[in-house]
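One chain, chain A, appears in both complexes that follow, with chain B as partner in the first and chain C in the second.
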Partner chain A sequence: MRAYLPEYELKTPANLAEALRLFSDEPGVWRPFAGGTDLMVLLEAGKLTHTRFVSLWGLPELTGIESHDDQIIIGALTTYSQMQAHAALRAEFPLLCEAASWTGAVAIQNRGTLGGNIANASPAADSLPALLVYDAELELISANGSRVVPYNGFHTGYKTSVLRPDEVIKTIRLPRTTAGWRQHSRKVGTRKAQAISKVCLATIAHSENGVVQAIRLAFGSVAPTPLRATATEAVLKGQPINAVTIAAGRAALLNELKPIDDVRSTAEYRAQVAANLLVEFLEMLA
Partner chain B sequence: MRLAGGVLPKVCMCGTHILSLHPQRKEEQRVKISLSINGTQHEADIEPRFLLVHLIRDVIGLTGTHIGCETSICGACTVLLDGKPVKSCAVLAVQANGGQVTTIEGLAKDGQLHPMQEAFWECHGLQCGYCTPGMIMAACGLLKETPNPSEEEIRHGLEGNICRCTGYQHIVDAVKYAADKMVA
Partner chain C sequence: MKQSLIGQPAHRKEGRDKVTGQARYVDDLTFPDMLHGVTVRSPIARGQLRGVQFGEGIPWHEFTIVTAKDVPGANCVALILEDQPYLVSDTINHPEEPILLLAHADKYLLEEARRAITFEIEPLPAIFSIEDSLNRKELIWGEDNTFKSFLIEKGDVNAAWAHADFIVEGEYETGAQEQLYIEPNGMIAIANREEGVTVWGSMQCPYYVHKALIKLFDLPPKKIRVVQAVTGGGFGGKEEYPSMIAGHAALLAWKAGKPVKLIYDRAEDMAATTKRHPSKTRIRTAVGKDGKLLATEIDFTIDGGAYATLSSVVLSRGTIHAAGPYNWPAVRVRSRAVATNHPPHGAFRGFGAPQSIFAMERHLNKVAQTVGLSPEELRRRNFLQPGETTSTGQVINEKIDLSSLLDRALKLSDYQTKKTRFAEFNASSSTERKGIGFATFMHGAGFTGSGEVYLSSVVGVEATETGKVRVLTSNTEIGQGSFTIFSQIAADALGIDFSQIEIAQPDTANVPNSGPTVASRTTMIVGKLVESAALGLRQTLVAGGLLGERYSADEFAEACRQHIAQHGALKSFSKYEPPPGVHWDDEKYQGEAYGTYAWAVYVAEVTVDLTTYETRVDDFVALQEVGKVINPVLAAGQIEGGVAQAIGYALYENVVWREGRMVNNQMTNYIMPTSADVPPIRVYFEELPYAYGPSGAKGIGELPMDGPAPAILNAIEDAIGQPGIQTFLGQIPLMPETLMKAMTAGGGND
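Right, the complex of A and B next:
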């Protein structure tokens, strides 16, 4: 059933300072509204319980992509289309652009934002594994100032995070330290187009003479939050890529993932597919 | 249906969409917006929760933009906002303030079909026609970014638009036909 729409309120502040004042004057009363691709689906399904929102769409302080020597800084309101159109991002952080191209379809990519994908905190969100392997940092801002936190650790549980009710995500920062690494990602869904992931993998690795020097692995839809598989990484690091290592990596991963059964898939299927995706990547590295 | 005090709700032209259940709603909760639709500037005084698709269809009266699912899946409501395809059922009109909207009615010029419309006609890119306005707008958005798309690029570009009749092949053919005409 559709929501009783007249109850909804949306403020459209002229600048970020005005928006932040609303969030800090009445913490928890007002919530951010970005591209609305998650919120509008809830609203139209009658499932959006919160009713008072502040539009961040178009605020220049939150949009745009800046390239610096040591990092690329993405405004939280940057859309999936804008990310895919950015040459440096495509060249150095291809997994993020690939995830952007999988998200919904073009009309969704023109509205949906990276900050919204993070704050919405779906374990199935496609961009988030990429942010984990790139060791992204988030700049959170409130009327009282800003702080930078590592993205790994931002989500504290299913749909919970360290973000305070008076804060918004201002930027996402990607350190430019992984150029030249082997990069790979895969999304497995019911169909190719406009489907939510059953399992999604982002991974980057650096190997020399057949030995894994460094590897970062992250998965979507296999735990209550997007998951960086650090235990499996530790098992693989420093090892020659051979059948023994691949089997050890597979076993470690099955131990580390905590998938669930839900409408889209089963825990068993997710675990097996995630392990297969890891094996596929390790075989590519060999 | 009557509201408290015997007030009749305001309904749209088709009579089924309730535009104002709360005629008594406080003035300060309404927002003035101004946006261009097919090159004509429109002002509207609306509630913040008002959808862009309802503004286009029920207030402006341009009913070429269809509503299918109203949950941003089917793409029937696709229009161009600042040149880019968006699902107008999932955009609040307030968020389109200051923007430029193009709907299916804005494509033909001086009685001449737009090449994309002509292509759908020539290649039989439609049967019932319900998805067609959204499909054509998404295809126009695609050609702005990628003037000469491959079949795969066309299919990727139209992923968010569902057609229940054609099986898509004629739609893909139509977009290719239009691209060839427009590049030539």
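Right, the complex of A and C next:
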């Protein structure tokens, strides 16, 4: 443990209102602490620069999964294990459950939360591409009320977002509009389990008579934020799935990605493999 | 008399304590008044230390602070050459080099203090590659950046090129690898002028630490005591570096006048301690069109890092193993260990052999291709046979039949059928390629050359009045099962129950020096000494008329009681004697390099994903001849673990260096394979008893590290073989990023 523990403070409020009051009374001083699976890693390494936290763990307003006719509402504190155990999520939003099954291993899945994955905003986070292709919305709440924002656009740059210091993510909402779409995802990690993605893809599409009617494509680890590849989608939409379209899609995607070299992989590999993953999906669709 | 315990899956002696949490590792130990220590290290690779700045806001007067000036004896880690300081006095030679030590009772405050220290350093240019070191881009060690070089010559290599039908050349490279024992390093020390120095800690070799502390403190041997705590793995990583940590803990304790505990966390352990030596090998081979190997010239270089440490001996083993189990009429091996500004590379399972064997086993596949033979046929035509000689001129006088070993391994892995099946699969699949490949190799057990004679190991056994027998060795249980093996051997020799044997915890105050726990020597060399010491004890009782030829447990106990009553104690010691007819010439590097070898054929089956360039190992067959299996569960465990570790070496474990520092020093980014990445490992043994091992056993600990990497790369070549790809398949770890380059380049020049 490299952190100087006496410097840290963790409050456990009795309810959400009390937590939100702390965030709004001293904006930026207090930060949420959910499952702690990202924060504790930084603490242990002596790299957690922020020192004052409010535990959200167990607050009922942020837990549970609700099914409505038009949407499924997931509390921000929902863990990966809870998502995988939910029948409607598994049936209609399999890409999110698949991503949950790839995340760390069982211990992390029991503790890590979807809200934490979003707020932590790692470009390599595994569930975020799925949220992008499902056109998820986020409900953000503060002492002054709540607002709903589209998840696409939530991240404004590397580790920055529209979330205000007095706000927390309350729920994640998935519209039930994609029944019957072809769904596919794939994680390319550094190994088969307990791995950070080098590239990951979530995609859903709808095709008729070999023509792409609609397609949504999202990638992790290829840009400063999880990336919805809208330019590539536009190139593919309305096109017959053939070699020409596949080549055009591939070229468009390589243009749209902004991958980097880091300790895990190279920009070149990420771009090439992301393009291969797209081709693999288009060939499945044909 | 009881049924023999040899060959039985006896339960682990210390297993119950480990699974119930009773076992006490060094971090579980505390002493009254104990302080915690940390090491403050160099942020850069090379430079002159000009000053130390102690930052604001830290109560420095409460800290024990140790620098090079506080060293009571010699400021060097005594090992082979004494060039590595415990603490930098002026010149820094690698990143993470220890400069200053701190101790305090509050370990959290200690971390704050570590961060508050900055060094004024005048940087010097540093070198990080074998090429730069050989080219003397900077002179950083001695007169030529070379710690050690060897030359082995057999036959007339120069004459061979002229009448060769083919000359095949290749270049091969292997990377560093972290040992990644589950328990990071740690030591506790109590040290003062009156009592001397005592350390407890995680280690493989108590007497190495003992020797180092004598020099560091300039104290007589009996004033130094080294006790091994229960140790969570070593793999070579706790061979030499614990001498450094023990010294640091002891220096702090000496100055503080209080016990000091110094424990590394994973990040420090990975960044600062030793790794496997990276290597580069060039091979040039003359071969006839009948596939007969005529001659080979091998140029083998390893990166030793900034100090000599064990590089000379690692190089020696790599050099001797370089030519493989083949009958070369002529061989020349030139090798050298060079200096760079990396932290020193050190001992790691296999100790130089995995590097040079990788090169040869990849190279022979290239030779086979050139000649137009299958890899198996080429090897069959050239295997060493009894009566023939190795590269050092050692005559093989065991009845090893490598061709049958190869046949059996290919059969067990269904090699031929799979070859055909994979060829069909590959022709039809657009997403995957499958391949199968193998490697044949040998590994010498025990110290190289005259090493064991110099060590001159001693083992003792001691009986109590109740008929229990204690085995006294300095060899450590580090998870490999040595205490269990020693118990089986001693119980068998004495004809008493396994439960009647106790193994003394290695403690230099109580056990003789039976040498280090390294070099696949513990079962074969030390186990044999345990056997003869135990037989000696029994003989004493028989000769004294206290014991007959056959006896019960009670009769044995009664005999012990009577002997102790008459003579005060019942002990027996045994000292190493080299097998007859073993000669080694250290100058010419000729002779019996090892008492014996274990022989093996490993077969790997892989799938390469054409979308992601990832390689999956689908099946693995490990067949080896090991003399005698003492404990089938432990032996298979050694092989399975070694193969898994070598799969990491081949495909996953990539040390990322920046300016000489490992930057992926966390388990998130330094990728060892998980159980999900490792295939079923099918282990098979053959037994040709070795006369000088206990019940015929040879050493097997390092063997499984040698073969998997070349077998896997040979399988990958079989899967994706296309012209031009060979250059990319000459290096490990073979990451998907490299394979992508290889496959998308679609050629390149070979």
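Assume the second predicted complex is superposed on the first by the 285 of 286 C-alpha atoms of A that agree within 3 Å, B and C clash if a C-alpha of one lies under 4 Å from a C-alpha of the other, contacts with A are read in each partner's own complex, and residues count from 1 in each chain.
Here is the rule we go by: a residue touches a chain if its C-beta (ideal position, glycine included) is under 8 Å from a C-beta of that chain, and two chains touch if they have at least 3 such contacts.
Keep in mind that this is a model prediction, so the values were computed, not measured.
S.K.: Touching A:277 in the superposition: chain B (first), chain C (second), both, neither?
M.R.: Second partner only.
S.K.: Contacts for A:234 in the overlay, against chain B (first) and chain C (second): which applies, first, second, both or neither?
M.R.: neither
S.K.: Identify the partner contact of A:194: answer first if only chain B is touched, second if only chain C is, both if each is, neither if none is.
M.R.: After superposition on chain A, A:194 lies in contact with both partners, chain B and chain C.
S.K.: Does chain B (first) or chain C (second) touch A:104, or do both, or does neither?
M.R.: In the superposition, A:104 touches chain B alone.
S.K.: Looking at A:55, would you say it contacts chain B, chain C, both, or neither? Reply first, second, both or neither.
M.R.: first
S.K.: With the two structures laid over each other on chain A, which partner does A:265 touch: chain B (first), chain C (second), both, or neither?
M.R.: Touch partner of A:265: chain C, not chain B.
S.K.: With both complexes overlaid on chain A, does A:10 touch chain B (first), chain C (second), both or neither?
M.R.: Touch status of A:10: first partner only.
S.K.: Just to be sure I read the superposition right, which of the two partners does A:45 touch: chain B = first, chain C = second, or both, or neither?
M.R.: both
S.K.: Using the superposition on chain A as set up above, list the residues of chain A that contact both chain B and chain C.
M.R.: Common interface on chain A, chain B vs chain C: 2, 5-6, 41, 45, 193-194.
S.K.: Can you list the chain A residues touching chain C in their complex?
M.R.: Interface residues on the chain A side: 1-6, 41, 45-46, 188, 190-196, 263-266, 268-269, 272-273, 276-277, 279-280.
S.K.: Under the touch definition given earlier, write down the residues of chain A that touch chain B in their complex.
M.R.: Residues in contact with chain B: 2, 5-6, 8-12, 36-37, 40-41, 44-45, 55, 57-58, 81, 101, 104-108, 110-111, 193-194.
S.K.: Per the contact definition, I'd like the list of chain C residues that touch chain A in the complex.
M.R.: Residues 107-109, 111-112, 115, 265, 267, 431, 610-614, 652, 656, 663-664, 666, 668-669, 671, 673-677, 736-737, 740, 744 of chain C touch chain A in their complex.
S.K.: Over in the complex, which chain B residues touch chain A? Could you list them?
M.R.: Within the complex, chain B contacts chain A at residues 21-22, 25, 29, 31, 47-49, 70-73, 75, 78, 81, 84-87, 89-92, 94-95, 97, 138, 141-142, 156-161.
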